[in-house]
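Chains here go by letter, A, B, C and D, matching the order in which they are written, and residues are numbered from 1 within each.
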Amino acid sequence: MKKSTSLLLTLFTFAFMIGQEHSHTGASAMTYPNIEGYVTLKTDLHMHSVFSDGNVWPTIRVQEALREDLDAISLTEHLEYQPHSEDIPHPDRNRAFDLALAEAAEHELLIVPGSEITRSAPVGHSNAIFITDANTLMESEAEKAFTAAKKQGAFVFWNHPAWYRQSPTGNPILSDFQKKRIANGELHGIEVINSMDYAEESLALALEQNLTIMGTSDVHGLIDWDYTEKGNHRPITLVFAKDKTLESLKEALFAGRTVAVYNDLLVGKAEYLKPLLEQCIKVNAVAYEMDTLVLRVELENVSSSDLLFENAMSYTFYSKPPIFTIAAGQTETLQIKTLEKVSNIDLKLKALGAFTAPKEQPIVEWNIVVE
Amino acid sequence: MKKSTSLLLTLFTFAFMIGQEHSHTGASAMTYPNIEGYVTLKTDLHMHSVFSDGNVWPTIRVQEALREDLDAISLTEHLEYQPHSEDIPHPDRNRAFDLALAEAAEHELLIVPGSEITRSAPVGHSNAIFITDANTLMESEAEKAFTAAKKQGAFVFWNHPAWYRQSPTGNPILSDFQKKRIANGELHGIEVINSMDYAEESLALALEQNLTIMGTSDVHGLIDWDYTEKGNHRPITLVFAKDKTLESLKEALFAGRTVAVYNDLLVGKAEYLKPLLEQCIKVNAVAYEMDTLVLRVELENVSSSDLLFENAMSYTFYSKPPIFTIAAGQTETLQIKTLEKVSNIDLKLKALGAFTAPKEQPIVEWNIVVE
Amino acid sequence: MKKSTSLLLTLFTFAFMIGQEHSHTGASAMTYPNIEGYVTLKTDLHMHSVFSDGNVWPTIRVQEALREDLDAISLTEHLEYQPHSEDIPHPDRNRAFDLALAEAAEHELLIVPGSEITRSAPVGHSNAIFITDANTLMESEAEKAFTAAKKQGAFVFWNHPAWYRQSPTGNPILSDFQKKRIANGELHGIEVINSMDYAEESLALALEQNLTIMGTSDVHGLIDWDYTEKGNHRPITLVFAKDKTLESLKEALFAGRTVAVYNDLLVGKAEYLKPLLEQCIKVNAVAYEMDTLVLRVELENVSSSDLLFENAMSYTFYSKPPIFTIAAGQTETLQIKTLEKVSNIDLKLKALGAFTAPKEQPIVEWNIVVE
Amino acid sequence: MKKSTSLLLTLFTFAFMIGQEHSHTGASAMTYPNIEGYVTLKTDLHMHSVFSDGNVWPTIRVQEALREDLDAISLTEHLEYQPHSEDIPHPDRNRAFDLALAEAAEHELLIVPGSEITRSAPVGHSNAIFITDANTLMESEAEKAFTAAKKQGAFVFWNHPAWYRQSPTGNPILSDFQKKRIANGELHGIEVINSMDYAEESLALALEQNLTIMGTSDVHGLIDWDYTEKGNHRPITLVFAKDKTLESLKEALFAGRTVAVYNDLLVGKAEYLKPLLEQCIKVNAVAYEMDTLVLRVELENVSSSDLLFENAMSYTFYSKPPIFTIAAGQTETLQIKTLEKVSNIDLKLKALGAFTAPKEQPIVEWNIVVE
């Protein structure tokens, strides 16, 4: 029906103003330090909107990401599972991406084109991101979808391989299908954290098959309800990229430079996880307690993860048990009994919430000079 | 494309489980007491989903309402303003209602069919609820839309009449159009509270024209972002109905038995607002302080609104200033200096946050017996 | 018994370090703006330690005051009521003052010498502060104690005149004793707020007899337990002094330049309360909402009291009810419907929690220029 | 001076009412479960009042203990260090005990008579509790003080042996003096936790010398300032006694049945610490996730310590990392991948915050039956 321009303008302004308020970084913003040679990008590369089985318009996904200060997201709609298709016929599978891109226009947030290739076990679910056209991935044979993705230069990762609805043991099963995809260079990553689930066995698989380690929210409803209001941040993948561009992000993912993070759980290859943890802690003050051999060291956690540490030195502590937490954004004081005056010390702490392999936690070192 | 049943089932289960967690009453639940002869229904009868210019699937609106423990909602999509129509062609304007109804199937929440009739000033925006078919309201002449609504027995109310985008003074202007609608029995209510805005002049108009007093959220984005995370509840209309059914709700709205509420602001006709306030406060303990003439009275606020009171008795208080708040769900103690021992007392308090007319606040009375 | 110096030193260091941590301004610090011509001193001039019937060493009173960032305190021990005298024989009634003074040595906190003259009704309790020797006030006849205080130039105020243990009605009774003290220039102030109690009748008496209006904590136990952990600040007297010295404080008290404050309750003579409220609110931004006649005004409350206001203009508000609160330290936005564009406006608000006389609240004005 | 009875009564009532409010268990109450054969008593057996170098009257120590719901306290005033002696000549060193006992009269709190024997290194500080007369311990030779304590049947423990003011390395040094005391049966316990300090070396000493493991607050100021407002509970000693009497408490201390606790740090002999941890966790629900081999187990932490656990089974978890916390009073869900259906399972968790020896943490087991 006909409608006057002024009415449209009025209405648009109204909707715009309401949306606008949320286009800023909120109290739930996350922060992680860069590591040497790379910028650390906070990414969530698995999520859904009404364009598959999610419950929100793609713009909400952009606004949620801005509130948590993410650097990149991908709306990975199921190509084959379209429960809202009666209402959203949606012939163009790139549509969610287009809408998110428009919403993010004025912001620094990178929008990565992506789609979810969805099958029963043993094929399971996989995300293809950095695709050029989602429509061409809609093949009835899963193999062909992967081939099409490869042709587009996509980075493809296996979603929740341990999901007990597809694997009743709760363990990932590497089928011939996946083996072949890996052999063909058609599968490059694997979720070791999906929503609230972390599978050690998926981490083992990642290491064994040299797949990029991923963590994603896989959100369908609201980030606030699933995570924020319970005191959690969504799971993310930290990607160590040469700079903050889509190209660099893609290059880093293919190179496997990632750490998956869910609150105080950090999972990644030692070569990236250790430097990250090293940067997460700033040493702010060092001095001997007056007339003693007890060295006072102040450690500030500049990340958004509470970090749980275990003393890995032969020295013991004066006032802390050997296992202690430095909460996100907080400073803790260690009092190290050095037994004699030292002019520098190698502080060694095992990061108990960080895993470089199943049950393997890295020891992080900081050389500290006593003034 | 073809898709096996088991895959669909698996996926459905996944989505279902995530949604399910939120199908309960949350920390943000609201509660208001019944008044004599009526149950008090908490309603939000103005909101939007992706089926007009909102940003969420209708199911989210149901889940939000369940979290706040509302009794009834209406998805009042703009009939004429369909910014998502490219993606959601949406030939049936009853569709949002159908989806909300299905989501609410297992719950006590009433879903009221409704639509917004949307024009520039001076016609403005109006909601028709309790309609039987939204499609038949799509008329290019506004008058005809109202006539169609009336034919369906709809309850129609004027939305945000003071909205400064349509009335730059911020005051409602009763045009010939509205006058005629009222005269024809085609306009029955008026929003005095819309989102965060309360207009005294709209209240004056409600009283002058005997229109039902309404308060609504008019939410387009997320209730959490617009209200909850700022420490607010959404605006609602309390409706005093004979029982909790659609029929009774409709009867009560036509009869004008409402109070509009936004946090600590309550607006309604004295005949409903005074009994509501009376029930909001329970007198739990009454006794003289030992060996004194100071009467101790404990007052419990059983509502979800902080209630601001001013002493309206000749007696003064021992330990409180004459103006004081009883926070939602809390108990406060008054110590009344009765000067001599009395066996009962009329406690009289002016409710400063409650309005029965512009700048008119009711004095509420409780007869209290001293044991 | 004998004790080596090194042991004493060791022990002293231990105690010192523990005490030291609390010598800073805490989260519970209070702040109130200066008014024209005067600095605003936050004072609590009625409290007890173990040197009468309090339960803490005087140093704790100093530390509590530093945490709340008070400017002056007085330890007003009961001269005649010494329940701990068996353990603290305490021949010198100036002792609590001396200990507090030593504790405050490194701080800006003023310690005012004082004592409480304690009798049954009708004489009741009074504090004499700015005395030179508490011992000389220990007279069995109350009259003589007041005479001695006057001789020392003391400022004397009547404590909790409405206390229901001494006046079962909960109202102050001005006896011949007090009348004579006032006539003789021996009684200069009156508590209208004592601990959690505010008596309008005491305020009436203050105005009638031209007594300085006082608010005090009268703390015996811990400020934290009596006030802080319940979300309250202790009651204080704001004194408008020429500068922050004992002399100026004394001069201001004799001149009656005070406002008694307990959380959101402010009580004082209009000539001081109005300028205080004026300074409590900073106007930070003024502009018309685009294309409207609705003037947006941002008001910041720079005080530690939540301030409750009622619109006292003929203009109405767009988005707020006519009664609203600006919480301590927070900013609120008013949207004033000026009906036509104005270049300046007299913002007039009645401060509902502020009393210049029983049931009389001041209207405060700010002239605001629209740029 | 003379004082009328009615005045005294009036004043007493006033002080009484204020004190009374705090005679209840507060939000900071601690709770720990009993273990088989014993009741678990929460004790703080090292603290100070104005009767040595503390800053509060002994009644405050009782009120603080009631708020944290302790079962027993001891006011262990320094016999030899009396910085307030000018004001509190205090000829009877049992006085603080007497005053605390009177304050606790109406409560279940046990008051243990005690005193601190205070010397420079190498003798250091020790507490003698369950003494019959503190005065007889005031001997200039430390040996004689210990002999006197033994004669009274006292339980004696070494305070903060690692204190860096007496031992600059921050490590305890077992001198000939202590060796002799132990050999003579004059020293029975040792603080491994004192205020915020935990020394692994003190624990090693406790085990080597078979001394009872103690944790104490050693509070001089206010529990609220030193602990509560920072989100901590004071350190305590859990004592496993046959019943809640002074006799049983003493018997248990001599028998070494203790666990020292400071927030999430628990230190004790394995034979007491393991059963305590076992009781701290209640298994509330056990079932397989539908159609899976993932066993869902709900664990409730009924203690006031956050408990940090590491999976010590060969089974892995579905949704939690192998290291996780169950916060005080909270319930967490484990999803154990049992790979096949089992009818019962030995849940084994290493308690990372609990120490039975330096760096040795116990593995706790719960046999869980699957219904």
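What we mean here is this: contacts are C-beta pairs under 8 Å (C-beta built on N, C-alpha and C of every residue); 3 or more make two chains touch, one makes a residue touch a chain.
Please read these numbers as outputs of a predicted model, since none were measured by experiment.
Participant: Among the chains, which is located farthest from chain A on the basis of C-alpha centroids?
Facilitator: Farthest by centroid: C.
Participant: Can you check how far apart chain A and chain C are, centre to centre, with Cα atoms defining each centre and the answer in Å?
Facilitator: Inter-chain centre distance comes to 53 Å.
Participant: Centroid from C-alpha atoms only, then distance chain B to chain C, rounded to Å. What do you get?
Facilitator: 42
Participant: Using mean C-alpha positions as chain centres, tell me how far chain C is from chain D in Å, no decimals.
Facilitator: 40
Participant: In chain D, what residues contact two or more other chains?
Facilitator: Residues 165.
Participant: According to the definition of touch, which chains form touching pairs?
Facilitator: In this structure, the chains touch in these pairs: A-B, A-D, B-C, C-D.
Participant: List the residues on chain A that touch chain D in their complex, please.
Facilitator: Where chain A meets chain D, its residues are 162, 164-165, 168-171, 196-201, 265, 289, 291-294, 308, 310, 316-323, 335, 337, 339, 352-353, 355, 358-359.
Participant: Please output the residues of chain C touching chain D within their complex, sorted ascending.
Facilitator: So the residues of chain C touching chain D come out as 1-4, 6-8, 10-15, 18-19, 21-22, 50-51, 53-57, 59-60, 63, 78, 80-81, 83-84, 87-90, 95, 118-120, 138, 140, 165-166, 220-222, 224-226, 229.
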